[in-house]
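First subunit A sits with subunit B, and in the next complex the same chain sits with subunit C.
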Partner chain A sequence: MNLAETAKDILKNHKAEFIIGYSKGRDGRTKPFIAKDEKGAEKLVFDHFSVNNLAVYLTRMEKPKGGKIGIVAKGCDVRAVNALIQENQIKRDEVFIIGVNCSGVVNDIDGEWNKENTQIKCKYCQLRTPNIYDILVGELEDFELPEDGQQLLMTKIENMNAEERFEFWQNEFDKCIKCYACRQVCPLCYCEQCIVEKSMPQWIETSASARGNFAWNLIRAFHLAGRCIGCHECERACPMDLPITLLTRKMGMLAGKEFGYRHGMDPSQETLIGSYNIKDNEDFIR
Partner chain B sequence: MEVKFEPKIVAFVCNWCTYTGADLAGTSRLKQQPNARLIRVPCTGRIDPVFIIKAFENGADGVLVSGCHPGDCHYNAGNFHARRRWIFFKSLLDFVGIDSSRLFFSWVSASEGKKWVDVINNVIDTVREKGPFNAYKKFNRENYKSDAELVSASKEDSKINSE
Partner chain C sequence: MEHYKISFEDLRKLVGELLKCKYNVVSQSADGKKFIKINSESELNLNPANKPTDISMKEYFLPKSESLFFYKRNKDEIELIDVNINENKTVIIGAKPCDAAAVPVLSKVFNWDYKDEFFNSRVDKTIIIGTACRYKDSFCFCSSVGLSPDSEKGSDIFLVPLKDNFYLMKIITEKGKIFTEEFSWLSMEKTDERPEKASPEFDDSKFEYINVKTWLDENFSNDFWDGAGELCLGCAQCAYACPTCHCFDIVDESCGYSCGRRVKNWDSCQFGLFTKHASGHNPRDGQSKRYRQRISHKFKYYKDRFDEILCTGCGRCSRGCPVSINILEILQDIEECNKQ
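Take a look at the complex of A and B:
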């Protein structure tokens, strides 16, 4: 069964009250779309242009009274759903996950799908088939991906000295215009009041100046440390093209290296930052 | 006259161990350099990393974070939670260029007045050798464009546009 037929069946049998998915807009672009009835379900599609992480809607929309929210999710989106379950933002029985096999999504939505026009996250993706779902649709394509350039950049930065690293990031953060698109698009940034909106006392300067930009980007990355599921939506949404996923990916890699932990892989697992182990590394503490 | 650089150190210390330890160092008349400003917090678990960034923003050349030894926490597990956060935060700051010669962590208990003196002197010496944190200080308000400058800049822009 393809996605539209599956969705139709789900809505018909009230397995979910509505389905968050993708459809082709009038301009031919794939966009997020909410199917509320069978007519809407017919419009649902999934292709290489389904870039958005729809899990962001789960915490931002009203939950249906009784019944579930249906969501079309690729591997990285399923990790976000799992993460929200782990962090007690939603319950597993409140969502009906339609997992889709994903063979990568485009970087530039105006371009053609090819080897070069691929998002960074897809180049090292380990979850082309979602690990948790209620129903799975779609087929995996065989596809050879280009080199992971972000990894190379990260190694390059790590090999710089402290002053050079500081200068690199200062130049990058200088571009930030503080639009908070990175926060709005992040499925795990669900705080009702973000720290950047607190003004008594004001921890992070709101002007798009060097000081405020530095503090904001660092704190955003830290709040996602050990929590980021690597959907790279922040970098896609960023109008100034800051390489902010470098920071979150670095934190994710550290969580893997130090604790053998990947957030959003197992909904029943305890969160990394919400727990502790008395044997944690303390080499750096004198 | 040449002014010698004296580092400004901000030390976040927990009420139950390190603050008391530093107090002991004082009452025992142990000699320490006077460059550190101590900020007393209830527990190391109370220290939000944003405090550390704020300290650098306000002109600190180095930051020390210190609390009870593991297992000694007054609130049982505050320092365990803090330690796990520091692992991430230290690595993050290191990645953006604030390395271990500016940011320090230690465990100092209430009876370790001598250790406190050693730690704080060592921190101050390390930062003094490293020099002032000019890269971050450049961000300060004095270096912002003043309103008058901005107005004249926007006038320049509109002139270009009208031409």
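Take a look at the complex of A and C:
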């Protein structure tokens, strides 16, 4: 069965009360869409332009009483669903996951699908088929991998001294306009009150100036340490093109290297931050 | 109104001369994503077919973060230090009709009660050289909000492309006239040549504004809003990219005990915190209510109060929305509701 037929069946048999998925807008864009009935289900699509991580809506929507939320999820999105389960934000039996085989998504949603216009995360993706789902749809197809330009930049930054690194980030953070699109699209940024909204005292300056921008971007990165599941939605949403996934990706790599941990891979696993093991590596702590 | 003919090369020379005379010169960046201060004439990016920048040029009138005054604390005394807003004169070259038109629209609110000297002094010191637009995508709708690809609103000088890399240069305002006289060496000839207007392809209306306004007048409470705001995640990309959104927040920031500043920062009605009371109560307690505010302020309240639409149809909010909410589709849906 294709996605639309699957979705119709799910709604008809109340396996989920509504389905968060993608549909084509009148402007030609593939965009988030909520199918509430069978007619809506017919509009559901999945293609290379289905960029959004829809798991972000799971913590922002009212849960249907006595029913489940259906969600169309690629591998990277399923990691977010798993992470939310691990972090006790949702329960596994509150969601019906329609896993989709994903053969890469675009960077520029108004461009053509090709090698140059493929997200970096697709280069090192290990979950083209989601690892957790209630039903799986779609076929995998081969696609040409993009250059991992981010890895090159990361190596370059690693070879910089402290002053050069500071300058690099200062130049980048200077562009930040504090629209908080990075926070709002992040499925793991679900705090009811974000630390930047705490004004008594004001921990983080709200100004989009050097100090306030540094504080915000670093706090955001730290709060996602070992928690980021690498959907790169923050960077895609950023209107100023800040390379912020450099930070979250690097921290994810460190969590892997130092603790053998990848967040959102197994919904029953304890989180890295929320668990303690006497054998944990600690020689890197200075 | 005087009309001259000027070559692109001479416009470049003008930029070089302005830079020598310590003007700030602002043009679209090479990647076309924003308006930047350029440092050489070769950086001038002026092409009617350019897409609107991702972020509007409003930061040159309303910076994302602007100091209002500084303070120093000496024992028991507090000393206030004024901010010097005497910046260099600025020339913005290559503003699209949907960029330039925002300035007179914003001037209304910044001069309605309190006269905002920060905004006004920047406007006074800025010459806007607008350019006719020959770009079109499924997010543009200037022709539906009273503008057009050839609209001169907000420009001091307006350029329309002629053949062979020449432009028709129209002097629109007194300020523009004085400015061109300052650079009388420019090889501009008076001309009777008139360019073609933008073809209907660029200048078609997508909805009738009056239908939207009529519906908004009657439908503050309507289920429509639940659907319209349902997928909005509540970031401020739309408001911060917008040429006309102008909400700000004023906060004090200290640099320790002895000094600090009062600062005005961009803010957005799409944030929950925007309307949250000290008591904890929030009258706009859901994203749908916040989205309704965005649409109503632009297409109803501002019209009622200042007789202007708080939107120039540039489409930036739609192009950049992380979840692809297209304001044009919302407005067309509202028009559809009004017909029923």
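Just so we're on the same page, the second predicted complex is superposed on the first by the 282 of 286 C-alpha atoms of A that agree within 3 Å, B and C clash if a C-alpha of one lies under 4 Å from a C-alpha of the other, contacts with A are read in each partner's own complex, and residues count from 1 in each chain.
Operating definition for what follows: a contact is a pair of C-beta atoms (placed from the backbone, for glycine too) under 8 Å apart; a residue touches a chain by one contact, two chains touch by 3 or more.
A quick note: this is a predicted structure, and the numbers were derived from the prediction, not measured.
Contact with subunit B, but none with subunit C, is seen for A:E167 once the two complexes are overlaid on the shared chain. Of the two partner chains, subunit B is the only one that A:R286 touches; subunit C does not reach it.
Of the two partner chains, subunit B is the only one that A:I278 touches; subunit C does not reach it. Once chain A of one complex is fitted onto chain A of the other, the partner contacts of A:S209 extend to both subunit B and subunit C.
In the superposed model, A:I219 lies in contact with subunit B only, and not with subunit C.
In the superposition on chain A, contact of A:R236 is made with subunit C only, not with subunit B. Contact with subunit B, but none with subunit C, is seen for A:M251 once the two complexes are overlaid on the shared chain. Once the two complexes are laid over each other on the shared chain, residue contacts for A:D77 go to neither subunit B nor subunit C.
Once both structures are placed on chain A, subunit A residues 209 are touched by subunit B and, in the other complex, by subunit C. Residue ranges on subunit C touching subunit A, taken from their complex, read 33, 54-55, 64-65, 137-139, 230-231, 233-237, 239-241, 249, 251, 253, 263, 265-266, 268, 271, 273, 287, 318-320, 322-326, 328-329, 332. Residue ranges of subunit A in contact with subunit B, taken from their complex: 157-158, 162-170, 195, 203-204, 209-211, 214-215, 218-219, 221-222, 225-226, 247, 250-251, 254-255, 258, 272-273, 275-278, 280-282, 284-286.
Within the complex formed with subunit C, the subunit A residues making contact are 25-34, 52, 56-57, 60, 109-110, 177-181, 183-185, 197, 202, 205-209, 212, 233, 236-237, 239-241. Subunit B contributes residues 49-50, 53-54, 57, 70-71, 77, 80-81, 83-101, 104-107, 119, 135-136, 138-140, 144 to its touches with subunit A in the complex.
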